[in-house]
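First chain written, first letter: the chains are A, B and C, and each begins at residue 1.
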Amino acid sequence: MIRTPAAPYDTMSPGELGNPPGWWGMLFLVFTEAALFASLLLSYFYERANAVEWPPAGIEKPELILPLIMTALLIGSSITMLIAETAIKRDSQTGLIVGLVLSVLLAGGFLAMQGYEYTHTDFALGDSVYSSAFFTITGLHGIHVAIAVLMGLVLIARASLGHFTARNHNALRNVSLYWHFVDLVWLFILASLYISPHVL
Amino acid sequence: MATLVERLDRTWEAPTGAWSWLTSTDHKLIGRRYLGTAFFFFIIAGIGALLMRIQLALPRNTFLGPDTYNGIFTLHGTTMIFLVSTPILFGFANFMVPLMIGSRDMAFPRVNALSWYIFLFAGLLLWSSIFFGAMPDDGWFNYVPLSGPEQSTGRGIDFYLVSIVFLTVATTAGSINVIVTAFKMRAPGMSVRRIPIFIWTMVVTSFAVIFAYPALTAANILLYMDRHHDTLFFNPTAQGDPLLWQHLFWIFGHPDVYIIFLPAVGIVSTIIPVFSRHRLVAYPLIVLATVAIGVVSFGVWVHHMFAVGIPDLTNSFFAGATILITIPSGIQYVAWVATIWRGNVIWKSPFLFVFGFFVLFLIGGFTGVMFGVIPIDRQVTDSYFVVAHFHYVLFGGAIFPVFAGLHYWWPKMTGRMLHERWAQLTFWFMFVGFNMTFFPMHILGLLGMPRRVYTYNDNIGWDALNFFQTVGAFVLGFGVLLFIINAIISTYGGEDAGPNPWEANTLEWAVNSPPPPYNFVVLPVVRSADPLWDPPTPEGEAEPSALELADGKETYGSSILDAEAERVLPMPQDSPWPMFLAIGALILAIGLLFDLLPATIIGIAIATIVLVAWTWPPATKEEAMTL
Amino acid sequence: MQDETRHSRAPELKRIHRTSTRTTSIAATTLPGLLFLAQQSGLTSALDPKGPRSELIARFFWALLALAAVIFVIFVALFLIGSAKHNPGDQRLHFANGTGVVSVFGIAIPGVILLVIFGATLWALNELATPASAAEESIEIVGHQWWWEIHYPDHDFTTANEIHIPLGKDVHVKLTSADVIHSFWIPSLSDKLDMIPGKTNEIMLKADTPGIYRGQCAEFCGAQHANMILRVFADNDDTYDAWIANQQADAGIPDSDLLERGQQVYFNNACMYCHTVAGTSSSGKIGPDLTHVASRDYIAAGMLENTQGNLAGWILNNQSLKPNNQMPNFVMSPEDLQALIAWLESLK
């Protein structure tokens, strides 16, 4: 017997449906990226366990003010992203766009400060394992933030064209998942590269 | 009112013409491309092996110089692992997963197309190293410091690093695709207990890819930085540690061999019930065993490093895990024997190859247990004994099932049968040739012959065995040639297969051979684990329902555990974006490999633009629903 | 279709059974034959142990091999017999309770066997862990691309590519590398251990039977990995003491015109920048120590026998014998070459 069922999405509310395939795809991308950063951070600690002195002689322990400001900016951008998502769920286009713009600006600010940080270290990339790890890990993370910013800009463009509704804003959900992940990775980097030399 | 088939034909056109072929997102076409491309790499890496065997046939031979030999063994291993084994199995997955779950395509058809393009480009990039006179030549695991900036001054290693990371994008994308497809697109009624075993193995494999490949990527990034940007990660004179490379590599590398092995045994578990005419015994335990292998495979990697000088206490933990991982394989062996025991076996070529696998992987498994015994490992690792071991488990344990799969699914993919007697001949040449080539290697290893040697002295007793092995290699190669001939003949004049020549039990056999672009005219609803063996509906009862979805390029999405129909999923039209993105990524890869900043920038620019175009919603609102 | 397949099964089946059984029997008889060969020929073999480490490992190996053979025969037999077995009726949806069988034969029994193997592994590790304090001799080996630098710290001399050890005594060997990862492996005596730059690994070596034991570098180390061979001489006490005394001596002073000319040629060609000859001003550390080169059976790290012809070929054209090795080819007149070789041969 062949039947043509009523398309379920007409009768099930979005809350009743599971996440769409695109969201799951982003989730697994996040998992694999998490494994990449985990491998790099574990490498950092492995090399550090071999070292006699950490940071090596001639390098000061990492200063904390700049990284903490950068953290505030990035966490802030996560909060504004959350605001954007909450806004569109209430059908507020303005709230969505404001949230997105703020997120992009805050993340952009993070990158600017990272640029400043890079030009003011007292070590260069190839000086030591310490400096090698510092620039490689924070650099890779910075690239991820830049990608997030690009995605945010695309979302702003689409939002201005009215692509998103309360019922359907899947692209925003997916980007937001990535965004929060990148910010979470930063917290691990902060703890490992910046704070732990002071504490361990 | 047009018939269902007419309506479907309108929206699901088969590719006609070059542009249509290049932009197609049909999983069946992409699956066949994967299989063809991987088989092509299999042949060229196999020819590399034959060249090596010619060089080793005689002591102090001058057929190949050391640099060429070392490049060839590196390309051979790297290709067989990265460009043959995994892609060929993902090729089967691509073709069969949507069919086996009663769906019309993968969850992300365009990403699927992208994966193949990247696989092709990455493989060609790696092999192009020959034309630059820069074959990577430090083996497929590429140990530092030999592969570092001071020791390997040419570009060979860079070809390896960049091609592999490039390829990783394809493998990872493919894995995500498999998982989401298996999670969200199963036929209504295909609950967790009814999922075909091949799907299970592909899902576990894909999770392993997601968590294991990043360790390799991390290692490759660090070595790339050492080689191109003067970092010191692996430089022992600057407090860097060469062993870090080994840890990262093997944290990836050991799960990787299970990434290869699991889909292969998934094929075995698919074929045995069909040719035993008995459902798979202990299906739940096999599923648990599959998951157990996937998980435990992450905890054994140091067994590749037992000889590096790590303290015994640490080594012992990994020896325990290594020995433990035998058990899930044992579970499967007993379940297979039980299935065969209770069934009525039909010895057709797919089953013959399964028998070959059964014998060869058993041998490989035994030497594997020996390698778990740390002192024995330290005696025979890095010798021809380990070369024997891993060929038994990778060739015997994965390539034989691949050939089983090729013979089993050939009718479904092409609509024609392979010639059966010819196929059995293929098997015997391969089986005998394989054992002739690789069994004596156990002995050579015990006699002290290290691996990766381009020649050997003539007064130490290795001559006869080496010569014998070379003969065996050509017997094996001849077997493969027989398959190729069989394939060509079948394509042009093989017997018509019909939908289900093997009287099999899973959904791919419910449709024509080859399947139409839309797979199923009506989407099935499943009520058992062996849908095609279900007894006929008793008189008076309603037939199980099937779902009609014929006005638009669409399939169903369902819930993860119970497979309840959830939503209609629009499938994309043909798209050029995957090809363009792959081209942009290739340009980026070339920029990174050759230190060409303009190429790097152009590659990034193309990739960015294409990605925006790709993810920009299409005009119709319905399609926008699921982006 | 059901009938057809039943009919076609029988002859097909018989043929495959015959072939499978035949192949398996051939394999089963050839295998022990080959292994026996490995043991008897007087060749270097891990299964022909000449020291306690290899002895222990070989015994463990044989035990596992026997166990493997038994399990192999059982499983293959079950597969073949199971395939031949006919169960009447349609078995496709027949429910066989696999859980019991699999749990016993797939989990419990293998679990016990594997646990025993693991226990034996731990025991073997313990047996092989000889403390360094038990050593009666000490050697330090540094791996190079593609030769072995050898020091005897207690006797204060350096040599290359060949070690002598006193019979029946524990020798403490320290291993490291000057460039890439190499591996120290003498299968007749011991399991292998890697030689890693920046790290020192240690192993205890002992031989119970006098003889010459061969080893090769067992970690791919570049172009000439295949030609990095090490020879181990297990000497009784007198021979050993004599060898030590000889190695400790400086090179003799040339006592003929030919030898003097040879030594002059050596210095004229700047050989001293890479090689050491104790007792002269030649103290290069890039290549093997040549103080007693004539006492060694092989040159080029076990690749070529130490003959006049090979020495000449090596000096003039080593790049085609061992491509990419670090020594360049040399050009010199035949008379100079002859003198040089005579002098090198005097360095016993």
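Going forward, contacts are C-beta pairs under 8 Å (C-beta built on N, C-alpha and C of every residue); 3 or more make two chains touch, one makes a residue touch a chain.
Note that the structure is predicted; figures quoted are calculated from it, not measured.
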Exercise. Most remote chain relative to chain C, going by C-alpha centroids?
Worked result: A
Seminar exercise, completed: The chain pair with the larger count of contacting C-beta pairs, comparing A-B against B-C, is B-C
For this session: Could you tell me the distance, in whole angstrom, between the mean C-alpha positions of chain A and chain C?
Result: 51
For this session: Measure off the straight-line distance from the CA centroid of chain B to the CA centroid of chain C, and report it in whole Å.
Result: 34
Exercise. Residue numbers in chain B touching 2 or more other chains?
Worked result: 241
Problem set entry | chain C - residues contacting chain B, complex | 1, 5-6, 8-9, 12-13, 16, 19-20, 23-24, 27, 31, 34-35, 37-38, 41, 43-47, 53-54, 56-57, 60-61, 64, 68, 71-72, 75-76, 78-79, 82-87, 90-96, 98-99, 101-103, 105-107, 110-111, 114, 117-118, 120-122, 124-125, 128-129, 179-181, 183, 185, 187-188, 191-194, 196-199, 201, 214-227, 229, 302-303, 323-324
For this session: Would you tell me which residues of chain B are touching chain A in their complex?
Result: 107-108, 111, 172, 175-177, 179-180, 183-185, 210-215, 217-219, 221-222, 225-226, 229-233, 235, 238-241, 244, 247-248, 251, 522, 542-549, 557, 559-560, 565-569, 608, 612, 615-617, 624-627
Exercise. Taking the complex as given, what residues does chain A use to touch chain B?
Worked result: 1-5, 7-9, 12, 17-18, 20-22, 24-25, 28-29, 31-33, 35-36, 38-40, 43, 46-47, 50-52, 56, 125-126, 128-129, 131-133, 135-136, 140, 150, 154, 158, 163, 168, 170-171
Exercise. Can you list the residues on chain B that touch chain C in the complex?
Worked result: 65-67, 70, 138-139, 143, 145-146, 151, 236-237, 241-243, 276-279, 281-285, 307-309, 312, 315-316, 319-320, 323-324, 326-327, 330-347, 352, 355, 358-359, 362-363, 366, 369-370, 372-383, 424, 428, 431-432, 435, 439-440, 443, 445-457, 460-461, 503, 505, 530, 533, 535
